[in-house]
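In what follows, structures are represented as structure tokens.
You will see chain A twice below: alongside chain B first, and alongside chain C after that.
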Partner chain A sequence: MKIIPIALNTFRESARDRALYNLMVFVILLIIASVVMGRIAVGQEVKIVIDLGLSAMTVFGVLMSIFLGIGLVSKEIENGAIANILSKPVRRTEFILGKYFGLCLTLFVSSVVMAAAITGALIYAQGGSDAAQWRLWPAAWLIFLELTIMTAVALLFSCFSSPALSALFALLIFLIGRWSPDLKLFAETSNSAAVRAVSRALYHLLPNLANFNYINETAHGEVAPWRMIAGNTVYAVCYIAAALAAAALIFNRRNFK
Partner chain B sequence: MKRLTCPILLIVFLVLSAAAQDWMDARRRVPLAVKETLYVSSGESLKRASIGFDGLMADIYWIRTLLYFGEQFERQRGVNQQFDASQLELLEPLLNITIELDPRYIAAYRFGAVFLPEINSESAVRFVERGIRNNPGEWRLYQDLGFVQWRRNRFREAADAYARGSRLPGAPAWMRTMPALMLVKGGDRETAREMFLRLYRESDDPFIKQISEAQLKMLDQYRER
Partner chain C sequence: MSVIEIENLTQDYQIGFWRKRNVRALDSLNLRVEAGEVFGFLGPNGAGKTTTFKILMRMLRPTAGEARILGQPLDDLRMRARIGYLPERPYFYHYLTAREFLVFCGALCDLPRDRAAKRAADLLDQVGLSDSADKHLRKFSKGMLQRAGLAQALINDPEVLFLDEPMSGLDPLGRREARELIANLRARGKTIFFSSHILTDVEAMCDRVAILNRGRLVESGRLSEILKTRSNEIEAVVSGVNEEILAELREFALEVQPTPEGARARLESDRDIARLLEVIHHANGRLVSVNPARESLEDFFMREIGGMK
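Up next is the complex of A and B:
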């Protein structure tokens, strides 16, 4: 199994990426700014720190997962390293999986850093430790799952498309995924049977990212129920497995000569 | 010399830009009085456009509401030395957008309960009732509804709001005295007396007993007159 060495190498590579650090610094600055914004909003400090912190974590996390996810394969193809790697006893599927898990490890570390920064901002805003600071972690886990799905989608697109188009497709998938309840509503309310069938198929084919959004509830003091977390984790694992299988299928058929 | 070129250029241009800024500040024209506008008036549309970040969008609109209020407050105080909330045309739409984006934004409902009655008392009642529908377990909103109804001299409705709120978990003891106080205000002294008497007998809270006793004495004095 060559997956682990490839994953660790990808983690080291992406950890050296300046774009990652720039995005992380920007998120942490936003989290600090949320404390100031909370002060303006009279008595809403905790809500605003959680809303802004977790939203920034999602937006910048999605940008990281898309742009780093696309670069996983396309960079290797562009600089010709792919031929060198595949000449060694490494299966193409192992290469794809190793790259994917390496980036997931990077995203996991950056998610933990960002969630810790939000917790720190809350401790500062509340002037001490409080239960509110810990209930954001289940929501942060859901965000991390959303990022892993987006990474798998970006990786899938980068296996057959140019980096620019892959980024565009992945961003569109993110938007549609966030609007998936509307897609379901459309499927249920349309008069045309064909439209209903297509909408229902798209609803199941595209990732349902709205389920991973528990920011507003967390800001209102709720903790994501474990059933919801478990259900979303299972859904994410299944969807990622399907996306990686599709990516491996395409990548196995590609000719790099 | 080449080494010094960049630092020298940096300092020279920084000084020049500072001078240009001062020159422009000295010639700054009085800004035109632009009427405040709401570019998007539908909270529902904003909710869809926010791709799930509706809580954050609600925070932005809440801060915008507070900034609008503060700006108008300062402007009016500068001109008239007194504040007239009825001139805040955008207050109601801004608050409506905030609660459409996040129906659990208690701070927005409470703010509306204080200032919307000065603009339109009926829409203030509707606004707080909407808050109660969205947050039926929040006793503070019943308190606010009672307050809005009291300002409209609708004492029976105010008493009803306080009575409903006082039954909710977490409602403070004084809320239980409010319905009777509202009825006293509204002139329904016999019902109020009955309510205070019941409170005095049934309550273990010394504060409620004290209030009820004082009110009963006062009502008895009215009766003797």
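Up next is the complex of A and C:
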């Protein structure tokens, strides 16, 4: 099983990347700033800190999953490191899975750090511990799931496309995925049968990322129901499995000139 | 027993964007490398050497033909655990230290962590990198990276070693150490398949060579068979001769090359030795050596490949 050493090595790569720390510092500063902004809007501290904090976590995480995700495979091909890996007793599928889980581990650690920073900001803003500080964690879990889906999508594109195009496709998929309820509505209300068919196909094919966005509700005091979390977790696992299977299939057939 | 068997291996690449056309990088290559051999794989740039390595290392799927290593197909993972490979332009994860990198390579070869760590320390010592073992690879020079590459190729104590241009980037000392390392591996019964542009290294180390040009095998065999003696020709080395004598030698010798001490003369047959002796004796010169003329690998390479270009 070579997935674990490859995953740990991928995690080590991001853990030693200064750019990642700079981005995380930026997000944490943003969270601290949200405390100050919360002070200005009296009575809205908790809402502003959660809203701004989780949104910053999403934006940072999505950028990280897309831009690090497309580099997982393409960078290895470009710099020739793939030659060393494939000469060893490693299946190409193990390589893909190892790289994927390595980045997921990085995303998990950074998500935990950011969620902890938001919790810390809330404790500071409220002057003590409160149940509201813990209801952001289910929402943070949903964000993490969304990031793992985007990483799988970025990895899939990078198996057959250039890094620039992969980034573009992955960003488009993120945006369409976030608007998937509108896509469904469009599929139901369009007068053209062809448009309806294409919209319906896209709705089913692309990830339904809107389901993973529970930031607004959390900011307004709701806690993500466990059934929703379980359902979304199963959906994410299935979608990721399909995307990784496709990525492995393409990667297994590729030639590296 | 053949350790590497290559049969009719062919590789086509498609080039062009709008009007794609095929370019044949490797054309029906047949080759066998026996156990315990040091086998040199030669050819000018673009001859198909690296393409062959890439096929053997699963980077490319051949257009036609097949290859086996240690009797197993190229995708066999148990076989992969018994071989080592140094790529032509090695890139290793620059964020790792040399030691971490070797332990990582050991993990990919199923070595337990403590064994990989021990092996890494031994190999770093062997390739002269023990002082830089905990330095990040991004700080390594080209020659140091090449040494680290050699070490990672040996992490699993492989039976067969594939080295694509192992001397590239090494300084004279590094080259000598690499030659000694290869000789040592050979003495331990390892099979080594390597490509090089440095013909003197190949001549010094290889049992057999294959020469490739434009994807085709030009020649293959033992160096002693390929570098035939030139029929009855004789090579004589003389010292203490002046320009006048050199001119006299040129009258009957096939070739005369001045050297710092005198000259090197190629004679048509041993019948010319008496005349040579007479000429140098007249000039108070000295005969240093007389040998049957044998071409160098470089001569052969230039004759076979130079003529085709």
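Convention: the second predicted complex is superposed on the first by the 257 of 257 C-alpha atoms of A that agree within 3 Å, B and C clash if a C-alpha of one lies under 4 Å from a C-alpha of the other, contacts with A are read in each partner's own complex, and residues count from 1 in each chain.
Rule of thumb we're sticking to: a contact is a pair of C-beta atoms (placed from the backbone, for glycine too) under 8 Å apart; a residue touches a chain by one contact, two chains touch by 3 or more.
All values reported here derive from a predicted model rather than from experimental measurement.
Once chain A of one complex is fitted onto chain A of the other, the partner contacts of A:Lys2 are limited to chain C, with no touch recorded for chain B. Looking at the shared chain after the overlay, A:Tyr21 reaches neither chain B nor chain C. In the overlay built on the shared chain, the residue A:Ala81 is in contact with chain C alone; chain B does not reach it.
Judged by the touch definition given at the top, the superposed model places A:Trp134 against neither chain B nor chain C.
After overlaying the two complexes on the shared chain, residue contacts for A:Gly43 are found with chain B alone; chain C is out of touch.
Of the two partner chains, chain C is the only one that A:Arg12 touches; chain B does not reach it. Looking at the shared chain after the overlay, A:Ile215 reaches chain B, while chain C stays out of its contact range. Judged by the touch definition given at the top, the superposed model places A:Asp51 against chain B, while chain C stays out of reach.
Here chain A touches chain C in the complex through residues 2, 5-6, 9, 12-13, 16-17, 79-91, 253, 255-257, going by the rule given at the top.
Of all the residues in chain B, the ones that touch chain A in their complex are 48, 51-56, 58-59, 62-63, 66-67, 102, 104, 107. Residues 13, 54, 57-61, 77-78, 80-81, 83-85, 87, 89-93, 95-96, 100, 104-105, 107-110, 152, 162 of chain C are the ones that touch chain A when the two sit in their complex. For chain A in complex with chain B, the touching residues are 37, 40-44, 47-48, 51-52, 55, 58-59, 175, 178-179, 182, 209-210, 213, 215-216, 219-220.
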